[in-house]
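All chains are identified by letter, namely A, B, C and D, in their written order; residue positions are counted from 1 within each chain.
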Amino acid sequence: MKEADFLDNATLETFKHTGGNVLLTTIDDVIDWGRSNSVWPLTFATSCCGIEMMAAGASRHDFARFGIEVYRASPRQSDLIVVAGTIVNKMAPVLKRLYDQMSEPKYVIAMGACAVSGGPFYYNCYHVVRGVDHVIPVDVYIPGCPPRPEALLYGVMQLQRKIKLATIADVKRIQK
Amino acid sequence: MDQDKLKERITALVPEAEFEENKQFLTAFIPAGKLHTAAQNLKEAEDTAFDYLFCQTGVDMTKYLMVVYHLNSTKHGHSVVLKVKADDRVNPAIDTVCDIWRTAEFLEREIYDLLGIHFNNHPDMRRIFLDENWKGHPLRKDYKDEVNIVEL
Amino acid sequence: MASFIYDFSLLTKPIHEALYHWLPPVWALIAEMTLIGLIFLLFYAVVGLFLVYAERKVCAFMQNRVGPNRVGPYGIFQTIADFIKLLMKELIMIKNSDKLLFNIAPFIVIIASFMAIAAIPFAKGLHAIDFDIGILYVIAVSSLGVVGVLLAGWSSNNKYSLIGAMRSGAQIVSYELSVGLSLITIVILAGTMQFSAIVEGQANGWFIFKGHIPAFIAFVLFLISSTAETNRGPFDLAEAESELTAGYHTEYSGIKFAFFFLAEYMNMFIVASIAATVFLGGWMPFHVSSWTGFNNIMDYIPPFVWYFGKTAFVIFLMMWFKWTFPRLRIDQLLTLEWKYLLPINLVNILVMAFIVLMGWHF
Amino acid sequence: MKEVIHTPVKALEEEEYHINMGPQHPSTHGVLRLVVSLQGEIVKSLKPHCGYIHRGIEKMCEKDTYPQIIHLTDRMDYLSAHINNHGVCLLVEDALQIEVPERVKYIRTIIDELTRIQSHQLWWACFGMDLGGLTCFFYGLRDREKILDIFEESCGSRLLHSYYTPGGLMWDIHPNFQKSVKDFIKYFRKKIKDYDRLLSGNIIFMERTKNVGHLSKEDAISYGITGPSGRASGFSCDIRKHHPYGVYDKADFREILFTEGDTYHRYIARMDEMHESMKIIEQLIDNIPAGDFSAKMKAVIKLPAGEYYQRVETARGEMGIYCISDGNKTPYRIKFRSPNFSNLGVLDHLSRGFKIADLVAIGASLDFVIPDIDR
């Protein structure tokens, strides 16, 4: 994919605050560079999409190239939770708890139709949460059932773009 | 044993058994009270030796609830289907067979969870999939859930 | 002998003398210590960052991947990005945890590894302090790290952490023996516990070659047991990701977790450099007796290149273990130590003592 | 500290210590939750808690037509997606008494076996990872990609294909299919030796798995443990042999049977099964007859009233589909007898008296796919 196409599909960068003093913006840039290039996901997968997530980490697609290498099993040490698969009513409180256990800053990717909207289990189903954004805030949505590993890589790259927009002011606002 | 012999065998064991015709397997309705003894006998007797319960299903037939046992003998290779009715829709109860076939322990919990059939003498009769405080049993035909189900 | 150009005491001695000349002795000592401390801190950071990167690339190589390659050329800034991220991460205080111990544990782990590095000679005349009981000191200090691990596991108020800490305790207490005994085998051969003297003793041949088979056995035993002591490779039971999520540091986040992470790599570096110093001749070049020309060429390679080269080789071996073998179970781990490594070690010492007594070594 | 020292040792031993593995835990392969009571590191008892991915597929099926059900069976045991589809297709075809073209049977059998191989590859990858050998994970997934390429070429997707339809296939196979399958077999025959070198022959691996989690034949039958796990205990339960479907009756293959029934033999059984699958594919791949890729079907499929039971052999064991039809285009009740759900029941029995590390190894050797347990 060409760089131009990658930047063309959204207008994320237009939201970037203009102004600010040189010192702070430089620090912002450094921190954002660090954060965006070192997104450690939580080892968490509920169903089919998890297999594609594993495939994305494996030899052919190799997540690690982007610095997303270290899958941490402990939520305390991870930055990103990839909700790969259906979230059901019984799982929703657990997911919320996992999200709460993660340390700031933390990001969420909703991977696959189930996590985005309930997917094939939207109708006639008594136990499925229709979209993980009912439970935790989502940064990037990746559609597909299941999305290909390339789609996950693309989603993560979009997340990196999003992280690069953060400023120290934002962080303070969140903590308040 | 072929189907006719099995039929005789089961009739001798449970005289009240009713047989359904034209099925893939030999199918017999057993009264709920006699299920446990019949099952025990069918498993332990040398000539039947139904040691493998390969499927146990709860069905809501609207008038009554039904549990279907698919049995197979790994020794002789023959199969039989036992069906047991639970007429009471409010408090249905059937004897457990999990002391005979261990696999029934989980299957019965599933049936209890989704259809609300209580199994007597089961060691751990709790819901398996849904929360403990979930209301109703989803696989029943009259199950209504305005909150969770989006009808197509 | 290494030619005098590479004698670092020529560099360090004037600094030392100048400091004592200008300042009163107490201040000179303090200034010297601060200087050395700062240098080590820098060294520590650089080695840590480099080792994490190296491990990623080595494991990627073993696993048919390319590893990090987007952050800087060949991904060399990857670990710096990780470090910045970890530095800026939220530190979570666990409710119902023992606050003091919880906070202190990562520092104990990292200080223990920091202390051990002081005794290691990097090149001729380039070491912080040259104890005459250097080996004893290193063995003593390196086992302090387990206190930190135990405290971390205990204070986190998490059952996985506790199990991980208990495993780590049992593991280090037993493997400490093998590490010590395998080093003592060489001490018998060298006749000294001072690192600089041990290195000097290998001027005409590394101990792994000089000491016949017992030295080689001691090297293998040291590799196995030191891998276990650093909680790495097939012996990473204290972390055991598939069993205990993250073991003793399950509850740590941000920079405190980074300390544990870094300490693991630094311990690996220390262990590798001890192995390089004691068995592979430290900064001594590779010499073959009677090949004078060859020996002279070898002498022109600076000693720290030799030193880091050998250390890197041992580190690569340890990484190779880690990415090849499945993990042991706790009882097998202890069986391996008490039933196999320890008896072999004891016999090995006897054999070595006999060889030295008879003067059969080179 | 003082108190602990003065307490009698016996009192300490009697205390039970529970740990909670899951729902988010690396070794449960999904969202299974195991509450383990421990004594030291030894597992005293274990209670599985399921339902963290219970999606109510059986209830949904009551509102869906048969072709729609196929898409839901994909998502149960996603690693045996094709075989699950095959089960539903066979059920409908048998009920309507449709004779599918011979070509379809061949293609279905070959693709089923490819599915089995890729599932076992993933299992091998995860098994190695659970035992601490991370490199296995990458080796397994590397080779799995090759099969996914073949699937992608012919079926159009990587994981959930829904390629089979009642009466045949969605579309014909890609012209390259035969060549790429043969290439894969050639490639994998070489690579599977790496698997043995990396894990099977490793001394640590053998120590970890031999004599761990022994399952007797009687228990295997009583617990309904099917698939490679059951066959490692000597329970001859291969549906492909006993109730052949597709063209398994035309292929010559061995049912892998062991009597030891420990973790190691469950491992070996799966490894051998990969070899057998390759053998089946090799026998069939050159003989795919020409013909239609689908039989003629009505636009709306209605099963005659009655009961149907169809069994297929997935990568994890016997999958049964029990369907009660009342003559409508949707089933009255459909029940999936999933192999994983039965296999889960034995985990408590197997892991008692072993250590946590063994529990992980036993769990990995039973090869759970959690959405198939919960459905």
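Here is the rule we go by: a contact is a pair of C-beta atoms (placed from the backbone, for glycine too) under 8 Å apart; a residue touches a chain by one contact, two chains touch by 3 or more.
Since the structure is predicted, the reported quantities are computational estimates derived from the model, not experimental observations.
A.B. asks: With centres defined by CA atoms only, which chain is the most remote from chain B?
C.D. replies: C
A.B. asks: Could you name the chain whose CA centroid falls nearest to the centroid of all protein CA atoms?
C.D. replies: Chain D is the most central one.
A.B. asks: For the chain pairs A-B and A-C, which is connected through the larger number of C-beta pairs in contact?
C.D. replies: Pair with more contacting C-beta pairs, A-C versus A-B: A-C.
A.B. asks: Suppose each chain is reduced to the average of its Cα coordinates; what separation in Å results between chain A and chain C?
C.D. replies: About 37 Å, centre to centre.
A.B. asks: Taking each chain's centre as its mean C-alpha position, how far apart are chain A and chain B in Å?
C.D. replies: 46
A.B. asks: Chain B to chain D: how many Å between their CA centres?
C.D. replies: Centre separation, chain B to chain D: 25 Å.
A.B. asks: CA centre of chain B versus CA centre of chain C: separation in Å?
C.D. replies: Distance between chain centres, rounded to whole Å: 64 Å.
A.B. asks: Can you tell me which residues of chain C touch two or more of the remaining chains?
C.D. replies: Residues 63-65, 241, 245.
A.B. asks: Can you list every residue of chain B that touches 2 or more other chains, as numbers and ranges?
C.D. replies: Touching at least two other chains: 129-131, 138, 152.
A.B. asks: Among the residues of chain D, pick out those that touch two or more other chains and give their numbers.
C.D. replies: Residues 25-26, 51, 54, 56, 59, 63, 137-138, 142 of chain D touch two or more partner chains.
A.B. asks: What pairs of chains are touching here?
C.D. replies: Contacting pairs: A-B, A-C, A-D, B-D, C-D.
A.B. asks: Once bound in the complex, which stretches of chain D touch chain C?
C.D. replies: Listed in rising order, the residues of chain D that touch chain C are 17, 19, 25-27, 41, 128-139, 142, 198-199, 202, 204-205, 207-208, 355-358, 360.
A.B. asks: Flag every residue of chain D that touches chain A in the complex, lowest number first.
C.D. replies: The touching residues are 23-26, 30-31, 51-56, 59-60, 63-64, 71-72, 75, 78-79, 122, 137-138, 141-142, 144-145, 148, 158-160, 370-371.
A.B. asks: Which of the residues in chain A come into contact with chain D in the complex?
C.D. replies: 42-48, 50-52, 54-55, 58-60, 73, 75, 85-86, 88, 90-91, 94, 98, 120-121, 123-128, 145-146, 148
A.B. asks: In the complex of these two chains, what residues of chain B are touching chain A?
C.D. replies: Going through chain B, the ones touching chain A are 129-131, 138, 143, 145, 148-152.
A.B. asks: Where on chain A does chain C make contact in their complex?
C.D. replies: 30-31, 33-35, 37-38, 59, 62, 64-67, 69-70, 72-74, 76-77, 79, 101, 103-105
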